[in-house]
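In the two complexes that follow, chain A is the common piece, with chain B as its partner first and chain C second.
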Partner chain A sequence: MTSTLENNAVARRKMTLRLPSKATRRRYLLFVLLVSPAFVLRLATAVYPIVQTILYSFRNYSLLKGTNEFVGLENYANLANNYGVRGALSFTIIYVVASTILGLIVGLLIAQLLNANFKGRTFARTINLIPWAIPTIVAGYAFRWLLDDQFGLIPYWFTELTGQRMVVFIDPTYARLTVILVHVWKDAPFMAVVFLAGMQGIPLDLYEAARVDGANAWQRFWHITMPLVAPLVITMGLFRLVWSLASFDLVFGLTSGGPGVATSVLALQIFREGILFFKFGFASAISGVLLLLVAVIGLVGLRLYRRFDVTY
Partner chain B sequence: MPTSSKFKITRREFLRRAGSAAAGAALAANAPGVVAAARDAKPFGVPHIRQNRKVRIAVGGWAEQNMLDLLERTDFSGQTGIDVEVVLRTDTKETEITKIVGAVQAGTSPYDIIDFEDELTTTLSQANYMLGLDDILPSDLWDDFSPEMVAYSKVWSMHNDETFRVIHNWEMPIWWYRKDWFDERGVAVPTTWDEVAAMGEVFTDEANGVWATEDGLIKGAFLNVYLAWITLQAGGNPFDVGEPYKVALEYIYDLMHTHKTLNPASLQKDYNQQNGDYVADRVAFMRQWPFFGDFARSAENEEWFHEDKVAIGLPPVGPGGIGGSTYPAAWGFGIIKTSPNLEEAKELLSFLVSTEVAVEAMKVGFWFLNARKSVLAEAPQDNWLVQQLQMYTDAGVIGVRPFHPQFVEALTILEDNASAFLTNQMSLDDTLNQTRAQLDDLE
Partner chain C sequence: MAAVKTYYQERLRISAIWNSAGIYIAFIVFSVVVLLPIYWMLRSAFAVQADLTQTPLVYLPSPTLHNFEMLIDQVPFVEYTRNSIVFSVGTTVTTLIVSYLAAYAFARLRIRGSGILLWVFLLTMALPDVGTIVPLYRILSRFNLLDTITGLTIVLSSTLTPFTVWVLVAFIKQVPYEIEEAAIIDGASLPTILWRILLPLTAPGLVTMGVINFINAWNNLLYPLSFSVTPASKTLSVSITEVFAGFSPWGRPWELIMAVGVTMVIPITLLILVSQRAIVRGLTGGAVK
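What follows is the complex of A and B.
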């Protein structure tokens, strides 16, 4: 009898352990209710399209040809043979890496400048953001005119200064350099504003102490400013890398990917294959490569980010 | 004594009842039987009155007023009882095709009739998105077309022997030249490839940015126009990637780099930039579409304009002979297969393409100018565009625009490779081999 009672007591305890209290259940319910809209939204707008794109990449899905059969890895194999994709992949890597590094450096320099005390600082901070506020496609077309060999302002000044004619877009190297520089011109101001916010959060006593210890301007920048804005630099660098990978409008407006495919990018190729030719299968395979690049860069960036822990 | 009665209801009960009512209404509205019954019902015994018939036609912004004027002038609605709504389509084929594909996949269409260009016609008719028109066209329609227009329509407006478009705008690149400059230097307008090449020495002044000729050759269908034009003059179709295409590429390269006749910076220019250079006195002669004539005569160029600055000559003759010195491109009307107002669309289209209305259309605006016999006969002979069309037709210089069944994709391949060759990124042999291989993969 005693043993039966003990067994019942154990069973009750177990049941008590298994079934959470009413209050706990309410909290769980509330948690699910609060999280589910965001979860469903991400499921519908991110997970579903990504999974669908990956599935399409294994099919010869062409809206205009009316084909939609499973072809395994054929689309991926064809990527290597496609002149446009090969060129786009190589320039995408150059473009993304170069414009991000240059953008970070220029952004830091501008931030440092805007952080200094001088007359008209507020005005300078305001106009700094103008390039960033211009729509990218407009900037692309504007620079095509600015760099026109006959009427472009930039070639005009170049000729005035050097006596040489400047025709940038018929040389693949100059064309690539131009696209990268225009991208930096467009986006560095935004980075500068973010870095400036970070710099303004650095306690001034650190600089005072360093100055008392005899640190010069470069040492103060390198040993105080840089480490303390490093998490921002990494974060912005990561964002820039991912944003640049998906960049399409600047190249479309400025060079249309030419000359040849010298300035073509993966996003432009996806646009062509998907929207112009309606070859969703092949376009999805290019998107797969882009997704892989974004994932790799994202993982590397996150790893780097965790290595920096700022304490004042 | 009246009494007030209060009807009390709890919030929970209210929500329950409201929810049930909403669900019931939604179910009832979607039930097929109910919908059908509602549609067929003749409420209150009023005799069934036929709904207003309507049709939507999509045209480019530049043609909107012309179309409205034409419909008013011909009183189509008065004659048929069909209301016509003129809507605007986008300027670019890329955006338009995206819109149409999405709509057709959903079994509908944003409009019934579209005024569309060659590239869109090829793509949409091959995708089976367009309605075959042969049954509704007037039987004597093709008799009114010039032989060149018939030949053109067979290639660019038909697929599997079925007509999908009837063209109303038919124009070709024109050979514009600065008569004042040629007179000043005492040289004749070039009429052959060799003469064109020799003009570099006469006109090009690279240091001051003046070139014998220039074009808009940026990628995105601009370069393809020139490749097709020169290859046709060489006697072939660039999409065949045969000997004529090889000759054409070599010739263009030499014009740019050897003879300094064609500005190499053309590769970064679109037509607006090309036109801008011409009216800025930087170009002696050029190939350009007729819209340049309107641009040159526009108010913004009033001070610059003089007839001698925009003289028109016959295009140069290449190794292929005079018959392919230039080619036309066209716009025309077609009906989307999933059009919501198919019968009305058929009526409007057959009305618009009839001989009488084609002539009226030309009188409304030159957007409707073409080489139909009736149209040319009635066209004002003192107009520069009419004179040009007549001159080119009489001289027999008009060939058929080079065609590829997957035109949009094929031209991208041509442009990618040709642009690489012309900027010294690839050898000629590699360019030809790679182009051929890529085009073969399209089959």
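What follows is the complex of A and C.
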């Protein structure tokens, strides 16, 4: 088998040493034809704009002021002095890291539940898709209303139980915590779906063998399930980190970045400076910082992934 | 010996009871946490404002469609809804066509470097979409596509294409090549192979990605919020932010905000009820071997 393959390869190389055969050329042509719509789309609306963004970030490009000159690193220097951006940068990092880690943990717990055998499992699996499927902006407003200090359900219950008022969105710490927890509410079910699929792929006899050896539920989870879903956890974590960095829907709906700029994120600042104030150069510099963060996550992620890559 | 065995069985039985009690408690907590905001939305969307702004809270206000009538009356609600539908269907179809063609090439026409090319293509998923809106704003305006559904559709289709290609490549690879081979020998052309032979066999994958892309487009806020200026292209996701921004003397019009929210959530909920399996297959199609 191998030798025939090798012979074929040798034969093919001999042939292609001159001119590619008609069939090969046809295959190349077809490939280009089929792939080009997708590549043209990506080049025109993702790669080219990102390059443009990087270039803009070195210019004082502003639609309202009418300026567009090369200014070197001035925009980046201004970022450091900008109160909104500095606040957004620190909260962005806290927010994406905390909500991703919490999301992974809660996602694993939900997956454990959805993998268990009980009446109502189908129901649980179906409603699990709701937080993932509903628009983030709607979820943001729904929780803002649910947590309203006057007529929201949760502050109302809190007052009934403790006799104290619960005001979530005035205090920076509580507001930040709320954004992180609502993000977990929205995101963990999606992770659970992926983890559940991973868990269903683990051979059951592994658990049987462990049970016979006297391993308890926690030991079975930690020593069998975890190592085998670890690559999935890492992959999901990376995906969600990058995705969370780029999105501002939740913050836009839930807190509008407030109080002050306590819950603002870089993505929201890009939108505000770029689209609302038309400060294209300055907004692009924020995008530059965002790209840098994505690159860092990518590099860290690749290292992690190599360490945890297992096959089963 | 017998006594030991019964003792052991008894312990197993008790631990099984504890186990299932734990599972049901977890199940109830999970359901309440997931459904509480949904209940709150429904309860507020179908109530009059007076029922929402009083304590003790009214848990089940008498249902009314008053808020939806108000929306149709005061904002171009019908247009927004129509825009959302056109935008979502257009994006879904465009993404599927473009991705299906590319996925076929990556799965079947192995050429030198195609593996790396696919990898690079998928890597563009990591480019943050919010970082592209400023140049895209200029590009769209240069081509007169600012504030048009067409412009929004092109941009979002591009964003959704890499993931769709990824999942569809996996689906196409599962189809045995012999079927196409037989057709090629019989002299079938490429369009015939793609349309008549492979399409029915990859239909589950296409339905799956269709549903997921529809949901993504329906929910998308970034692009309409950035590139839509008038009701000609604004979608429901933009309209909810506008209703929120509209203060009334009595504070936020929460009954109206939630009514827009419910309008957005109901079609999505129906979709996941009928295609739960398809969605799960798609979400896990790329990540799980």
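By definition in this document, the second predicted complex is superposed on the first by the 269 of 312 C-alpha atoms of A that agree within 3 Å, B and C clash if a C-alpha of one lies under 4 Å from a C-alpha of the other, contacts with A are read in each partner's own complex, and residues count from 1 in each chain.
In this section, a residue touches a chain if its C-beta (ideal position, glycine included) is under 8 Å from a C-beta of that chain, and two chains touch if they have at least 3 such contacts.
Keep in mind the model is a prediction, meaning the values are calculated, not measured.
Novice: Looking at the overlay, does A:172 come into contact with chain B only (first), chain C only (second), both, or neither?
Specialist: first
Novice: For A:58 in the superposed arrangement: first (chain B), second (chain C), both or neither?
Specialist: neither
Novice: Using the superposition on chain A described above, determine whether A:149 touches chain B (first), chain C (second), both, or neither.
Specialist: A:149: touches chain B, not chain C.
Novice: Once the structures are superposed on A, label A:259 by its partner contacts, choosing first (chain B), second (chain C), both or neither.
Specialist: first
Novice: Considering only the touch criterion stated at the top, classify A:275 as touching first (chain B), second (chain C), both, or neither.
Specialist: both
Novice: Of the partners chain B and chain C, which touch A:44 in the superposed model: first, second, both, neither?
Specialist: A:44: touches chain C, not chain B.
Novice: When both complexes are superposed, which of chain B and chain C contacts more residues belonging to chain A?
Specialist: C
Novice: Output check: A:83 vs chain B and chain C. Expected answer is one of first, second, both, neither. What do you get?
Specialist: first
Novice: Mind sorting out which residues of chain A both chain B and chain C touch, each in its own complex?
Specialist: Dual-contact residues (chain A): 145, 148, 150-151, 275.
Novice: Which residues of chain A touch chain B in their complex?
Specialist: 63-64, 66, 78, 81-84, 87, 144-145, 147-151, 165, 167-172, 255-262, 272, 275-278
Novice: Which chain C residues qualify as touching chain A in the complex?
Specialist: Within the complex, chain C contacts chain A at residues 19-20, 23-24, 26-27, 30-31, 33-38, 40-41, 44, 52-55, 57, 97-99, 101-102, 104-106, 109, 111, 114, 117, 121, 124, 126-139, 154-155, 157-159, 161-162, 165, 190, 215, 218-219, 221-222, 225-226, 237, 240-241, 244, 254, 257-258, 260-261, 264-265, 268-269, 271-273, 276, 279-280, 283-284, 287-289.
Novice: Please output the residues of chain B touching chain A within their complex, sorted ascending.
Specialist: 94, 97-98, 101, 105, 123, 126-128, 206-207, 209, 218-220, 263-265, 267-269, 273, 276-277, 280, 282, 406, 408-409, 412, 415-417, 419-423, 425-426, 434, 438, 441
Novice: Would you mind writing out the residues of chain A in touch with chain C in their complex?
Specialist: 27-28, 30-31, 34-35, 37-39, 41-42, 44-50, 52-53, 56, 109-110, 113, 116, 118, 120, 123-131, 133-139, 141-143, 145-146, 148, 150-151, 153, 156, 185, 189-190, 193-194, 197-198, 201, 217, 232, 235-236, 242, 245-249, 252-253, 267, 270-271, 274-275, 280, 283-284, 287, 290-291, 294, 298
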